Structure formats: C-alpha cells, structure tokens
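Input: structures, listed below.
In what follows, chain A forms one complex with chain B and a second complex with chain C.
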Partner chain A sequence: MSDIQFNHKMAAHCESGTVTALLNHGGFEITEPMVFGMASGIFFAYFHKMSNFTFPTFVVRNKPGQMRTNIEKRTGAKFKTASYKDPIKAEKALDDLLEQNIPVAVQVDFFYMDYLPAWFRVHNNVHFITIVGKKDSKYLVSDCYFPKIAEIDAESLRKGRSAGGEMAPNGFLFYLKSIPKKEDINFEKEIKKGIKRAGYYMLKIPIPFLGIKGILKFADKIEEWPKFARDTEHLSHEIMKINVLLEDQGTGGAGFRFMYATFLRQASELLNDAKLLEMSKKMMEIGDGWRSISVFAARIGKNRDLGPERLKELSEMIRERAQVEKVFFTELYQLVK
Partner chain B sequence: MKEKDAIVDFNDHQVVLYTEKEDDSLGPVQTGSYISKNYLDDYRLKHKNLDDSLLVKLQNNEISPIYYFMTMEDLTISELAGRVGIASFKVKSHLKPEGFLKMRVGTLKKYAEVFNVPLANMLQIITTRQDNKWRVHHDEKSTENFIEQIKTGNPLIVITQIERK
Partner chain C sequence: MTEFAADDLKLEIKNLIIDTLKITELSVEDIADDAPLFGGGNGIGLDSIDSIELIMALQRKYNVRIDDQNLARFILESVNTISDFIIKEKAK
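Showing the complex of A and B:
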C-alpha cells in the first residue's frame, strides 16, 4: 500500500497538466502555461481523410509525448519512461513504483476511465493520468479532467493501458527522475527556443495540412463535410464537435490559444519583456475569435442550420483565423529569431 | 475572454479555462462546460436516435452487432481491427450478419472487451417498458424486475425485457 501525498487539481490539458503536476510534486515549481509554452505545445493540423478517424477532424497541439520530451530539453528535468506490451508486466511495474511512493503517469485509452460519465468517454489512446496510490484492487487516479482523486479498478485500468489501435498506449508510463536547479536554467534562452519551435511548426513546416496551412485547409474543406455525413443529425454532431475540440477536450479554451496567451504573459513578466506582453494580448484576442467559432458551431449544429450558406460563413470565420495567426506567428517568430 | 464570461454553472462536467481576471492578470478558472450545459440534451437526443435506428437494423438482420457497437463507439474499421488484433478485412466481413455468424467465440470475446460490454450483450438488446434508455452502462439499481426474452428476425439476437413490478 502506497502513501503518496499528491496535490490533485484539475488542469487545462492532460499531458501538460500531468507533466506540470509531476514536476511540482518533485519540488520544481512551474505553471501549466509555462510548461505548455516552453514545450511548444501550440499547433494546428487538419485531417480530412485518415483511416483512424470516422470523420474529418483537427488537432490544436503538438504530437502527444512532445510536451514531456520538449520540457526535458528546455529545463533539464528528467523523466524515466517505460513501455510494456504485456499488461501483467505493465501492472507489476506500476505497482512496484507505487510501493516506492512514486506517482506514475500512464497513457490510457480515455474510453475505459469509468469514473467519468459514460456520455463523456470516447476512444482516444493518448490520454495521460497520474496514478497516485492503490487501495485494495483499486487504483487512485489524479486525472486533470476530474475534480477530485478518482478510483478505477485494476481491470478497467488494464484495458485502458493495453488498448490497441493508433498510438496505442502499450503500457507506457513515465515518472520524474530528477529536477534541475532553477538557477541553472537560462529561461530567456529556453523560452525563446520554445517560441521559435512553435513558430516554425505554425509557419514553415512544408506539409499542406499542418500549421497555418492546416487552418486554411480546414477552412477550405469544411464546406465538403456534408458529403461525409450519414444524415443531418450526424453532420450536426460533427459540426458541434468543433466546439468540443476547441473548448472541452482539454485545451484551456479556444484551442489552447488562451493558455498560450497566458504563457506569453508569464514569459513577459519573467523576462521583463514588453513585446511579449503585447503578443500575449494579441493572442488572447485571437483566442476570442476561435471562441466565437466554437459558439457559432454549437448554435448552427443545435439548430440544424447547416446549409451551404452557413458552412460558407463558418469557413470564412476559420479562414480569418488563419490570416490573423499568420500575422501573429510571423511577428512572434521575428522577435525570437 | 473575461473570467466572468467564462463561468458556467454545471457541476456534471468541469473544465479549466484560461481567462482575463478582474485585476487584468491571466490565469486558470475551473468552471462548468458551456457546451455540456447548453447542448447535452441535444447530444443525447442524437445519440438515442442513432441507437434506435441501428437497433432496428440489427433486429432486421441488416447489420451485425459489430457494426452496431463500432458505429456507436465511433471507431473506424482499421482502428477496430487494431484494437481487436485482427486484420481489417476480417472486421469488414464481421460487419455483415453472414460474416458475423462465422466468427469464433474467442474473437467475439475480444470485440466485447474492446467495446467494454459483457459478451452476452453482443447477442441481446436490453430494454424496459418505461423507456429504452436502459443499457448495460445504466447504473439504476433495482431488485424487483420482470425479465422476458423476445425473439427477433436475427437468429442470434434476443431482446431481454426488464420491467419493474
């Protein structure tokens, strides 16, 4: 039986929240926005047709796992990682670490986290939770999307950790190995590296559905969405999912743009940089624009007002986001080049 | 977004948003989900309509239980194949009633685990007289029920009807 005194709190996003919580637990004080920003979390990618998605979709963050690896590079903190295809070995490894009072982050399929309401759970293989104890046959879970420490039985956790499919968890776990001294970190250099990397991925990556190009692709392709839908209710569901993906799936609001604005604000205060403060305000406004898209998508979906004119209107709203973000990231990239 | 504009009173689904506070700082606020509070009923209606239409097709032997659960859980053929651990062409064949009939029980069990339902529920529809919202995940506890088995057009599918006294 373990006895980990873990300070659980909700967070904007599971990976940045989990990494932040483990760093804080280990004595390295840092905020979630700072982790997110330094790890270059902000991104956009549009997927029109992919074999693992039933419908066109988009993502608003970098590749799962990169927040952890990037924050290691930026700060010098070290996480120990391991993967176990065998669910029994995966469970034993977890139990052994808990016995040493080490809180452990695990990758799971969100669908099996049965402490969450059934209507909330979807198959998503890249959810991260922290296991902070074991009581009889139940594990104690600190999940960023749940208000308090939850309990999950061993079988459900096993299913979540051993799910197959795209980006399968494969029993992946990580825990904090060591932290650096804050005075050894050149925050100005590392923050700027984080910003530069994010700017590169938004502006310069030569793949037509990534970054700003991805937002434009989204704007172009959304008018084709009706042909992928079974019926009006299916289209309504997918249009309303735009709100979920931007606001509810764990972004801090507006597709991570509000959290990125907060990172820029915190960076401006840490570095006493007025330009970064200005960029923070601009990013907050950009986020407000995405929030308008979220609210619009929810409304037209609910009203089944999904004809060509309405989708064109939505397309124009998205296209405008691409334009403002291109200007923003170009300016931001120049600041740190 | 101002913090006061972000606050939503909905305890069943809480999220963390980053907002502008009254003192002009930026920081997190824990609040209810806007879309869940305002649109959850619509989501449930659409979910129920899809469920109802698929159950009719299932009982009419037009689709298999695999097709039903795959659609309800929003999985693609390749994603489901990866999770069950079999080839995509096999999943494709299992989506049709005639292909489903040729399946081994061991494979059916793997599907049931992916879908997170008891294997028996791959072969039955559970409903009540009051409404048809009773599903395997329904957590209503009752010890005084009538249970009736009703045959359908599909030789492998029965309806288990549960009714309170």
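Showing the complex of A and C:
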C-alpha cells in the first residue's frame, strides 16, 4: 500500500500536463503552458500519403515524448523511463515504484480508462496518466482529463498499458529522478532556446510537409480528400475529424495555439518583456482563426455539405492560417535570434 | 448578481443554445436549468461539435473565453454551470 500525497490538477494536454504534475510534485513549480513552450511543443505536420495512415491527417504538436525530453534539456530535470513488453513485468515495475511512494506516469490506450464516461473514450494509444497509489486491487489515477483522483482496477490498467497497434504503449512508464535548483536555470536563455527551436520547426525545417510548409500542403491537398473517401459518410467523418484534432485531443484549444499564447504571456511576465506579450495577443488571434476552421469543418461535415466549393473555402481558410503563422513565427524568431 | 438577473441570464443562454445550434424541436421551456446538455440519456443531446459552436457564441455574446475543451466539458455541463461560469468571469 503506497501513501503518496499527490496534488491533482486538470490540464489541457495529457503529456504536458503529466510532465508538469510530476515536476510540481517533486517541488519544481512550473505551469503547463511554460512546459509546453519551453519544450517547443507547438508544431504542424501534414501527412497526405503515409503507409501507416489510411487517410490524410495532420498533427499540431511535436512528437510524443519530446515534451519530456525537451524540458529535461531546458531545465536540467531528469526523468527515468522504462518499457516492458511483458504486462506482468510492467505491473511489477509500477508496483515497486509505488511501494517507494514514487508517482509514476504510464502510457495507456485511452479507451480502457473506464473512470471516464463511455461516450468520451476512443482508442488512442498515446495517452499519459499518473499512477499515484494502489489500494487493494485498484490503482489511484491522476488523469489530466478527469476532475479528481480516479480509481481503475488492475485489469483495465493492464489492458490499457499492453494494448496493441500503432504506437503501442509497451508498458512505457516514466518518473521524476531529480529536479534542478531554479536559481541554476537561466530562464531567459532557455525560454528563448525553446522559442527558437519552435521557430526552426515552423519556418526552416527542410521537409515539405512540416511547419508552415505543412499548413500550406494541407491547404493545397484538402480539395483532393474526396478521392480518398469511400463515400460521403466517410468524407464527412474525416472532415469533422479536423475539429477533433484541433479541439478535442487535449490541445488546449485551436491546435495548441491558445496554450502557446499563454506560454508567451507567462514568458513576458517572467522576463519583463513587453514584446512577448504582444506576440501572445497575436497568437491568441491566430488561434481564433484556427477555431473558426474547426467550426467550419465541423459544420460542413455534419451537414454533408462537402462539394468542391466548400472544400475550396476550407482550403482558403487554411492557407490564410499558413500566411499569418509565417509572419508570426518570422517575427518571433527574429525576437529571440 | 441578483436572483432575478441570474434567471434572465439563464434564459438568454437557453435562447443562445437554441439559436446557435438551430435546435428547432426545443423551446426554452424544454431546457431545465440543470439538465445535462451533452451525451445521451436524459440530456439535450449536444455533441462535441455543438460544444465548439456554443463556445464561440458565448465568446461573442459575453466576451468570455473557454479555450480548453477539457474544461469546457464541465463548464458546458448545463445551463446552470454556464451561467455560473459567466458570472464568475464577469466578476474578475
């Protein structure tokens, strides 16, 4: 039986939220937007034809795991990670750490988190929760998407940790090993490094479907989506998924743009830099534009109003986001160069 | 906010829900203050797409922001919770 006093908080996104919660538990006070921004979480990638996707899709954040590894680089905090193909070994490793009163973040298939309402749960292999205790055969869970500490039975957790498929959890876990002294961190330097890295990925990475180039590719290619769809129902489902990917997947709204705006505001306060506050306001407006796209896509998908003119309209809205983000990130990059 | 003003606000919210989401089969009398707005069962039956439209409508009408969908699930639980949120935000 473990005895961990864990301060549970909801968060916008599971990975940035879990990393933040573990750092806070260890005594290192930092906010989720600050973790997200310092870890260069903001991103865009469009995948038109990839062997592992059955339909074109996009992502709005850096790769899973990078928020943790990047925040380690920026702050000097250290996390220990491990993976276990064998579910029994995975469970034993978790139990051993809990016995030592160490809260442990684990990767799970979201679908098996049965403390959440059934209508909310979908299969998604990259969800992170923190296990903060064990009471008889039940684990105590701090899940950023749930308002209080939840309970899950050992079998459901085992299923969640050993689910198969794309990006399978494989019993992956991580926990905090050490935190740095705040006075040892040059926040100005590290925040700017985080911004610079995000700027590089959005503006300069020489891959035609990443960053701003990815948003433009998305705008160019969305009019071709009907040829990938089996029928109108399938197309409407995929178009409505734009809303889900931007709003419903723990993005903090507008594909992480609102969370990045909050990061810039908090950075401006910490560094006493008025220019960053201006950039924060601009990013909030950019987010509002993405949210309009998400509503438009949801509406035309729901109404099955998916003719070429509507898709062209959607394409133009996305192209406009590429243009404003290019101006924005160019200005932001210049600020920290 | 007085009880009377809070009731007015709830009525406004119900009208906003009906107008924004073009729910022709319901009138304000059909939406109880504490009825769950989302999910099946006894709820009004709104979905996540409705929620984002409602968030934008609330932002336009009351100048309040709900950026995060995880929090939105709780704020948009019922007319009561939306009204409480607006009152709290306006008091800031």
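In the analysis below, the second predicted complex is superposed on the first by the 335 of 337 C-alpha atoms of A that agree within 3 Å, B and C clash if a C-alpha of one lies under 4 Å from a C-alpha of the other, contacts with A are read in each partner's own complex, and residues count from 1 in each chain.
Throughout what follows, a contact is a pair of C-beta atoms (placed from the backbone, for glycine too) under 8 Å apart; a residue touches a chain by one contact, two chains touch by 3 or more.
If you're wondering where the values come from, they're calculated on a predicted model, not measured in any experiment.
Asker: Based on the superposed arrangement around chain A, label chain B with chain C as either clash or fit.
Answerer: Aligned on chain A, chain B and chain C clash with each other.
Asker: For A:244, using the defined touch cut-off, is the partner it touches chain B, chain C, both, or neither? Pick first, second, both or neither.
Answerer: A:244 contacts both chain B and chain C.
Asker: Output check: A:33 vs chain B and chain C. Expected answer is one of first, second, both, neither. What do you get?
Answerer: So A:33 only meets chain B here.
Asker: Would you check which partner chain A:168 touches, where first means chain B only, second means chain C only, and both and neither mean what they say?
Answerer: A:168: touches chain B, not chain C.
Asker: Which partner chains sit in contact with A:258 here, chain B, chain C, both or neither? Use first/second/both/neither.
Answerer: Once the two structures are laid over each other on A, A:258 reaches both partners.
Asker: So in the superposed three-chain picture, is A:188 touching just chain B, just chain C, both, or none of them (first/second/both/neither)?
Answerer: A:188: touches no partner chain.
Asker: First (chain B), second (chain C), both or neither: which does A:12 touch?
Answerer: Touch partners of A:12: chain B and chain C.
Asker: Can you tell me which of the listed chain C stretches (6-14, 24-32 or 42-50) runs into chain B once everything is aligned on A?
Answerer: Of the stretches 6-14, 24-32 or 42-50 of chain C, only 42-50 runs into chain B after superposition.
Asker: Touching chain B in one complex and chain C in the other: list those residues of chain A.
Answerer: 10-12, 117, 119-120, 144-145, 147, 240, 243-244, 247-248, 250, 252-254, 258-259, 287, 291, 294-295, 298, 301-302
Asker: Once bound in the complex, which stretches of chain B touch chain A?
Answerer: Touching chain A from chain B are residues 1, 6, 12-20, 25-28, 30, 33-36, 38-40, 42-44, 46-47, 49-50, 73-76, 78-80, 82-85, 113-114, 116, 137.
Asker: Help me check something: in the complex, which residues belonging to chain C touch chain A?
Answerer: 39-40, 48-49, 52-53, 56, 66-71, 73-74
Asker: Taking the touch rule as given, give the residues of chain A at its contact with chain C in the complex, in rising order.
Answerer: Residue positions touching the partner: 10-12, 117, 119-120, 144-145, 147, 240, 243-244, 247-248, 250-254, 258-259, 287, 291-292, 294-295, 298-299, 301-302.
Asker: Please output the residues of chain A touching chain B within their complex, sorted ascending.
Answerer: So the residues of chain A in touch with chain B come to 10-12, 32-33, 51-54, 111-112, 117-120, 122-123, 144-145, 147, 159, 163-166, 168, 233-234, 236-237, 240, 243-244, 247-248, 250, 252-254, 258-259, 261-262, 265-266, 280, 284, 287-288, 291, 294-295, 298, 301-302.
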